[in-house]
Structure formats: structure tokens, C-alpha cells
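One chain, chain A, appears in both complexes that follow, with chain B as partner in the first and chain C in the second.
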Partner chain A sequence: MVSREARFLATDNIPALLRRLGNTYRVFAPVKVSDTIVLFQEFAESAGLALDEQTTLPPKELLFPQTEGLVSYRYRKDAEDLEKSEVQVEETLEAPPTIIFGVRPCDARGLTVFDAVFTDGQWRDPYYKARREATTIVTVLCTQPESTCFCTSVGGSPTGIEGSDIILTIVTGGYVAEPVTEKGETLLQDEAFTPAGDKAGEAGEAREKVSVERELELDGIAEQLLDIFGTDFWEQVTAKCISCAACTYVCPTCFCFTITDDTTGIEGSRIRTWDSCMFYLYTLEASGHNPRPTKTERYRNRIGHKFSYHPTSYEGMFGCSGCGRCIKVCPASLDIRQVLREAKAHG
Partner chain B sequence: MDNSGNPFLPDIGTVGKVIHEAPNIKSLQVVLNDQHRMQSFRFEPGQVAQLSIFGVGEATFVINSPPTRMEYLQFSIMRAGEVTERLHQLKEADPVGVRGPLGNWFPYEEMKGKDIYFIGGGIGMAPLRTLLLFMLDNREDYGNITLLYGARSPQDLCYKEELKDWEGRDDMELILTVDREFPDWDRRVGLVPNVLKELAPSPEGKVAVTCGPPIMIRFTLQALDGLGFKDDQVITTLERRMKCGIGLCGRCNIGTKYVCTDGPVFSLAQLKELPPEL
Partner chain C sequence: MAILDKLKDGVQRELEGLEFVIGWEQGYDPLHASPLFIRTPGDIDRLIWNPLCVHNLASYLPSLKGRRVGILLKGCDSRSVIQLLQEGLIKREEIVIFGIPCRGVVDLSKIKSRIDTSQMRAVSLMDDAVVIEIPQGREEIPLDDVLATKCLSCQYPTPLIYDHLAGEVLPPQRPTEVLYKEVEVIEELDVQDRLAHWERELDRCIRCYACRNACPLCVCQDYCAAESRNPRWLSQRAGVSEKVMWHIMHALHLAGRCTDCGECERACPMDIPIQRIRRKINKEIKELFGYEAGVNPEDTPPLYTFKVEEPTIQEREW
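Our next item is the complex of A and B:
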């Protein structure tokens, strides 16, 4: 990030900017759809933006749709021999140029967990990769963290830039915009961005002022979770869990999926759908055996994956960005921070 | 499968011969339609592929023909659910999706110079078949080769033609067993782990490779331990529900390891390092 490239974006100029960008890109921004729900929606001027609240769902579905076609297939009978059939299979990959405006640092950082697994690993996911490359993430730094926020405990920051292409810092009358990547730099060429002048200094000060208390000490958690793997700790913490999987649904770093075929007549598509490690069917084998038969093993795996297996495999990176949504949505009031605290203290 | 293309896009293959191995097991010999793909298809013994029926789904099977015999790829399929049921309905010339090779393989390099003791049960004979044929095709690299293979009944034994061949060879030993007495059965009777205990092979210079139903594996591992086999002398394969087969969908992990990419082949020593979640 080079601060001398900072620009100013007046709040009044945002609608015009997004409208212009809409000519070339799909543009998504947070919209308040009810008193309690804010969602990323395709930008429409009438809707009004909700840039000062955490969205109810992270923007992950724009890069990793809840349901997407992987390949399409079509059967054809052989005209010569009706007993014989052929099948044609084609990749169905769509990655239109996209801008997601108004992302939070925790959610942008959540994408780096996807990047590690889907684009930088042994196997690449061409669907996610293409979409990630075609998407520009415009992040608004946090000014008012919520009580459920714990990004600093998992290595993030309310002013973090990881996963973003541009960061916006709120200042009087608008935002100071700074590029993080080439993609971001390109976008800043739009006429809506003017020289930042003194505003750059104001932005710097604003960033200094924001803080999220680092309430968890997670050093050694990866080893500790393995140490308590076989204890009754997991039964205790999951006593009130109802296996609803809401936590995985709202999570900016959860990426588990399933693959199924969806057919009508002689054609159809092989689709990928979000799945959840909290479901019994997720690991059920055809023999009837299930290595994670109850919520206890499943929750243990979820926490283990995020705070032990993932950081062990990916240079310390937790599979959690501390957004706190799972705490907000849990119908049984399970608080992942409390679980981690107790896990550290156990035994 | 290399990493340059789309790992979710299956190749289309055509079913050649269909072999009725046992009442609930059929083998399909598959050739990829794209000649170039077939010729450049490289895999190692123990690797798997996802077979698919478009409209039904995918399921995981070991490629049980060896890489030394590339006229076709053979898969043996035990009927277990939706996809396997439909694979059983396939006949010669039908199309089938093939996504692979996936997963790791038997450490055949490290096994060179050792005596190899195969212990198979039921459909678990499929991965052993690949490695056994591969070793027979590279016979001079290995010491004595023994196969102990068991099934519930004589008709449940797969690869009946090959069993005759292996029986006749003087460079390997074949021991067959079924769970209980049957008319005209003059071989051994008894569960695989018990027969293993009776045979009591010395662990000296040996590697044991065992695949089969979970219960058989459990008692076989105990028996091998009792005979003095060390954890790094025992190799087995794991099964887990799989979808992507490439370490992305998340479901097949045991701790940090994914059965689909770090497995399915593990030594007992490696298994003991994983969290106990089998």
C-alpha cells in the first residue's frame, strides 16, 4: 500500500461511481433489506447503501455461489443403434467482471483462507479462481467494531488490508481510498476519485483510533486441541448445539461443499452446493459407517479444522477471521470465543 | 490427473468387458474415448478415480488394473447405493465418466527387496490386485510374495480366473479362505485374521499390505501386531465418503490429512499419528 497514491471519494460521488462501474462490472454493495438484515445486492441507486453495518452474510457467495454448475451433460441416442447412447460433457464456468463494494476487513481476509485452499494448493479450483481474479474487493475499514468482533484475536485487524484490492477509510465528507493491488489501482482511475490532499492525514489518524481488543490468546491452540481430542470436553461444549449449521452458513471462511447431479430429461448439470461439516450426512459412508456420527465429533472437527488443522497446514493461518457472525446467529448461544477459552484451559 | 486442466471435468470413457465377479461385485473395463488421453493416462498402483453416471453422481473406486497393463482401466464395483447400483446396470459400449487418477499410491519403491505379504478380504482385494499384478510384472524387484485372500463364501471371491493363474505360479503363494464350510471347498475355512494367526508369518524382511472391511482390518492389524510386525511394516488403505477427491470439499479429513489426497494408502505408523477418528 502506497499512501501517496491516496485519493478522496466524496460520499455524494459514490452512486455515480457505482453506476459508471456498472457498465463494465457487476457491482454489489451492502443494502439494508429489513431492520435487521443487510445483504450484498446488485447495486441499484434506489436501494441506498448500508456501509456502516456488518452485512448479515459475508460476500463469499459472490465468489463461491451457494449453488453453481460445474459441468453440463447431455445424452444422445445413436441413430444407427438405439441401444447405444453417447454423452457430451462441457465445463460451465462463468466469471463476469465484478466489484464488491463495502466489504469489511474480516470478510476480505476470510477470502485469503479460500485463496490458500482453492487457488494456491496442490489442486486448483478453476471456478473460484476465475471469479476471484475477475473480482475487485473494495473494503471499508471498520470504525465501530461490534461486541462480537474478535478479528485481532485471530491475526486480523479492523484496519487490515489482506484480501482487499482497495481500502477506504472514512473521513469528513467521504472516504480516503488507497490501492492495495494493481486491480485496485485500475479502479482508482475513475473520475470520482480526486486527490486526497489533507484527507490522507485525517485517514491515518482515523485508523490509529480504531481498535478491537485482543481478547483471546491463541498461542499453542493447535496443539492443545489435539491434546484434548479424546476428552469429554467436546461433549460438554456441544451439549446445547442443535446441529443446525447456521454457523457454517454465515461463516466467511467455511468452504465445504457437496456435488450432485441435477437432471431434466436427457440433460442436466453437475452442481456444487454449500455443505456443512455439522450435518450427519456429510461424512456418512455407503456402508452405513459414519466417522463423525454425532454433533460432538462434528463440532470437534469444525473447531479442530479452523484452529488446529488449517493453521498446521497453512503456515499458522486460522480458518476464522473473527467476524463474530456465528456468535450472532447461533440459536443455542454457543460462543466460539468461549469455547476456545475453555479449550485452552481444559486439562 | 495433472493440475493444468479442470479437475472437476470428467473424461468420457466407454465400457468394454463387464465381468460378474461375485453376486454383488462387477468389474468394468473402461477405455477413455479420447485416444490421446488414454495414451497419456499415467497412474500409480493404489490410485483411485471417480466414476460417474451423469444424472446420478460420482463414486470412488481404485483403478485395479496395474499401470503396467494399459489396454483398459479396470474397476471392481460392489453394489452399495445409488451410483454403484447404476454402474452395475452398465453394459458393453455404454458411456461412463472417469475423473482421475486421484490420491496417493502404494510405496512400491520402498518395498523393493522385501517379502510382500498381502492380506485381503472382500472388495478389499481390488487395491491389492493392482499392486500384486504390478509386482508380478516387476517380479525381480521383490522377494517372496504371498496372498492371503478371504471372502464369505467361495462365490464371493473375486478375480476367479486370476486366482487360478496365481495358484499355478511358482513365484508366489496363494492362500484362500472362506468364513465357513462349503460343499466342494477344500481350502482353508476361517476368518482372515484367524487364518493369519495360524499361518504365523515371521515379520522378518516383510511388508504386510492389508485391505478389506473395517472389522477385518481391525483384527488383522491386531494379529500382525501379535506376530511382531512393526507399524511401519504394515500398509493399509482407508475409505471415507468422498466428493471432490482433490482436498477441497472438506469431508474426508482425519485431522490435517485428507484421505483423498494424502491417502488412501497409509502405513500403520502414519495412521497412529492421526487423531483417533476412524
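Our next item is the complex of A and C:
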């Protein structure tokens, strides 16, 4: 942390704060869009904030949009020789300064999985990198785990700070705000934040009280998944899977994409869109061969990637932050925790 | 003997000749059931039957063609099997059906819209109520308030096709008039408002295809036109026009085939009321051809056949 100087943010001051920040930034916060759905939406005072429940989708769309223009292009024929044409290409990168308010620690930590792959490793993704740098993450620490939460099993914490720029702890009348990064420190200069005084102590105590039971023991899971790769375990465990992409699209750490060209006449755009390892097309090769022809190979890859290949490539970091959304949305109620337990016990 | 005991007994007797029997087991919390693949007699104890058994297990059948399996079916689920048989997508002799007379299953989204179930401790299911224990206390909800919408107008509580029936034939208990209630509300909007309504609802679609993959009649699956790159029918863009287009494609491919099981809407992680689109088309099919999908294995779906003169379509008098 840059500084531990805590500030107080009264609940009543939040709308004014977000309105002021809206002059300089795009500001997103959780909004209840129907009885059961909470989404990050651009802040509008009329909408009201839904800070006390997990959002239906993580904020990844804001840093890694489901559809993203990479370049636009236009063909131009050579007037002298109609057989010839040239193509003009223009990069279309948009990364306006953005604040995401009301993120949960698991989702903020999910971004560190993206960071490892898209910004910190061998390859740099200029689109994600620009957006990540332009974005400030304001995280509300958790108080009550849901029945699907398992952040502590994958190395996270309900009061974790990884991936956040500011952390907010719920106290009487509002939140205690603490900066995690320089970006966060800058934001705390706003007049909505007042000296924390005694509230800082209250926040510390509140954090002590929160706990999420560590229900999975994942030591050695990376090797175990390789050991059972060729067994019938996978066919048995995936029998109920319907091979849709709900689990991957609600996942704060799933980052797979595909690139297609949308061409109309002589112009078009090359777009990057989310893709899912649960789809047949994901690994379909030009020859017609598909190395993952059924849901069994595809689901095995999903688990293998998150709990074996990813930690092997990225210093032990799981490709999972334990948010539990994949469990909640699965049309067959397939529980990734149960799959991991059974995988560990198999053979 | 209770329904569950009869089911267990039947499965026990048939299991040896089958690769597995598909039923339901308790899921990850007291409110969720999950499909169960019974492979050994030891698995039979895990079987459950109650209003949480929401999944239409017939959706698994097309991908199991060629294998001998058993399946538990509610009345509505049995219509999917009939439709699949009509289309030659499954073989009757490969399937042993354990039919269940059903009084209705819950819509979990209706429960979640009433109470916060994220820290729920226990659920008890009574004949006419669901009781949920949450940290704040005990919530009792009348069952009718949280039944799936399809159940409120159910005309087929007893499966229309089965080898074993776990219980007595149950006559229809529900009124038919309410079937199109929600559709009629949308029909009353003018065209612009109707489009605006659907754009607003479908804008939150994430193109995850849970609706497609959960659908028992969506049998193209891996070769779906919405994803096909060559030919490219639809952009992979997640814009509202692509989302609307996808849902229209899905619904039209189900015209005269959809049995109103509601798996599309149940599977949707964004709780979009997409069953209404299919219901609207079912209504049109009923009005045009006097046809209801999945009630008689001997029927030919109207769009699978051709008549020079359709009695209900006045082509020459336009």
C-alpha cells in the first residue's frame, strides 16, 4: 500500500462523489436492472446503487469488452490497374479514464489474472493494457460470504486488496476508504472523503470478523489433474454439463477471445469478441479436425487450464478467484468445487 | 408407495440393461437440484423427486442416440421426447421412460426475486408452500406464487409417453386461459414499442447460448447458424441487433416444434423472459395449423409437411 491513511466516506456523500467524478471519468457502479439481476452500469443518480450483493456479471466487460474493435479497414482500388487494391487500416483503441465503484475483492483479484496474461508477461495486449491503466478500481470489502463463495480456497480473501486501487470497509454510516495504489490516493483527495478518526479502528475490527471457510484443499491439484487426464473421471463428471458458455462468460478470470472480420462492401472492422472453451468451434481446426470434439474434453480443459496449466505458467496463480458465479448460473447446477474435490480423490 | 420409492424401485429393476438412468439429485445447496446419472445400484439412493427437479432431462437424449438409457420425465418433459421421436432424432427402443405425475416445479428466479437466498440455511417443501430459512428468519411462500409459469396452465401433468408410471394418472388441474396472458400484454404494444421492449430485455443477453444448449429441440448445437463462420450468417458482435437476431433465429427454428418446457428461460443467466417469444410462435402455430407440438408421436409437425391448400390460410383471397 502507498499509504495507510484512512478516510471516511459517508453513504450520503456517494452520489455527489460519483457525480463529481463523472466530470472527469466514466463512472460505473452496480445497479439493480431487474428483480434478480445486478449489473455495472454507467452511474446515474436516478438508478440507485446496489452495493450489498454480488453483481450478476463481474466488471471484466469494462476492461475486456465482449466486443472490441481492433482495427477498421477500407479497400481502395487502383484506378490505373483494377486488379490491384490497397487496404487502409486504422487502429481503433478507446481507453477513456474510468472508475469502477463497488467491485468485490474476488473480482478485483480476477483482474490480476488478466494482468499476468495481458500486461505483465511475454506478450502485451495494448488494448487491455491501455484500459487497465486508465481504470481505477474501488472495491467494497465483503462482510457476508454467499453459499457459493470460495475465495479463500484459491488464495483470496473477503477482505483482500489485490487488483484494487482503493478498498472500502463498511462502518456505521458509511465506509472507511484506504488507498492501495497511487491512482487510489489521487481519488481520495475528493472532498467527499473526510478524516476517518475512530472509524479507522471500527473498520479494522470489522475486517477481523469476516471469514470465508476454506473448503477446498488444493495442494497438488495441478499435478493431480495431469495424472487423471486420460481417465473416465471426466466423462462421468461432465455428463450433466450442457456445454454452454454461461460459466465462462460470467467468470472474472476467463479471458479467451476470438477475432473475426465484419466486412460490408469495401470496408469493415476487425473485432475481438469473447469466446468460450465450452464451444465446439473454439478448437475446430481449418482441416476439420477438432481436438476437443465433445463436452468432456472441453470441460476437462476448462478445469485443467484454471487449476493446472495456468498455475504452472504463472507462478502458482489459479485461473479462478472463487467468486462462485459459475456455480450460480450453471443450468445443470454443476459445482466446480465438487468437481475439484472429486478430482483430488480420484484414482 | 410414494412416488420416489416407486421410481427407485423401477430404476433398480431396469438399471442392469441400461448404460445409465438420468434423474435428479440434491445440488450444491438446499434450493438446487442437479441432474443425476445413475450408473450403479449404489447411485440410486441419491435420487430425489420434488418441485426443485426443474430440469427437462430430455435435453440430454439427442446426444445419447445409439446408447440404451433410462430417463425420468415429468408430463411437460415427455412432450419433448414425443417431438424428438417424431423427428427421428431419438429411438424409442433405446429409451426406458420412468414417467412422473407432476403437480408443478418451482421457478428459482421467482424465489430469488422475493428473498435473498445467498445465505439460505434450509428449505422445506410442503404440498402448497416452500419454506426457506434465512439468517433473518423463516420465510413461507405459497407454492403457486413461485411455480414455473408453464405449470400454472399445465394441461399435461401426467407424461404422455412412458414405460413405467410412478403413481396414478393425474388429470389436468390448471386453467388454460392463462397460457398466453404474458404474450397478450406484449401483443397489445404497437410495433415500435414491441421492438423497444425486446431490445431492452435482450440487451443484457451475453450470447452464452445457455438457452440453446438447454433446449431439447435445439439439435444443431455445435453447428448452429449463429456461430457458423462459413457461411457467416451473423456477426460475432455482442450488439443488441445481433442479440435480437439470435433470439429470433432460435425461436423461428422452433416454430411448430417447441413444447413450451421453458428450459431456454430457466437456463438464462440473465433472467431474460425469452420463453414468451416461443409462446407467441406456439400461439400462432395453434391458430394457423391447429397444432400443438409434442402431444402425439404419430403427428407430423406442420412445417415438416406440405399441403397445396392449408385450410386456415386464405392465400387466394388476399
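Convention: the second predicted complex is superposed on the first by the 344 of 347 C-alpha atoms of A that agree within 3 Å, B and C clash if a C-alpha of one lies under 4 Å from a C-alpha of the other, contacts with A are read in each partner's own complex, and residues count from 1 in each chain.
Heads up, the rule we're going with is that a residue touches a chain if its C-beta (ideal position, glycine included) is under 8 Å from a C-beta of that chain, and two chains touch if they have at least 3 such contacts.
The shown structure was predicted, so the numbers you read here are calculated from the model rather than taken from an experiment.
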Clash or fit, chain B versus chain C on superposed chain A: fit
First, second, both or neither for A:51, with chain B first and chain C second: neither
Chain B, chain C and vertex chain A (Cα centres) - angle in steps of 10°: 90
Touching partner for A:130 - first (chain B), second (chain C), both, neither: neither
Partner chain(s) touched by A:10 [first = chain B, second = chain C, both, neither]: neither
Chain B versus chain C as contact partner of A:285, first or second or both or neither: first
First (chain B), second (chain C), both or neither touched by A:67: second
Partner chain in contact with A:147 - chain B first, chain C second, else both or neither: second
First, second, both or neither for A:258, with chain B first and chain C second: both
Minimum Cα separation, chain C to chain B, after superposition on A (Å): 7
Overlap of chain C and chain B interfaces on chain A (superposed complexes): 258, 260
Residue ranges of chain A in contact with chain B within the complex: 70-71, 73, 75, 83-87, 89, 91, 93, 117-118, 121-127, 226, 229-230, 255-261, 263, 268, 270, 272, 275, 277, 282-287, 289, 291-292, 297, 301, 304-305, 308-309, 312-313
Chain C to chain A touching residues, read off their complex: 20, 27-29, 32-37, 39, 55, 59-60, 109, 112-113, 116, 118-120, 204, 206-210, 212-214, 221-223, 227, 229, 232, 235-239, 263, 266-267, 269-271
For the chain B and chain A complex, residues of the former touching the latter: 3, 6-10, 12, 52, 54-59, 80-81, 84, 93-95, 97, 214, 239-241, 243-244, 246-256, 261, 275-278
Chain A - residues contacting chain C, complex: 33-37, 39, 53-54, 56-57, 66-67, 144-148, 236, 239-240, 242-246, 248-250, 258, 260, 262, 271, 273-274, 276, 279-281, 327, 329, 331-335, 337-338
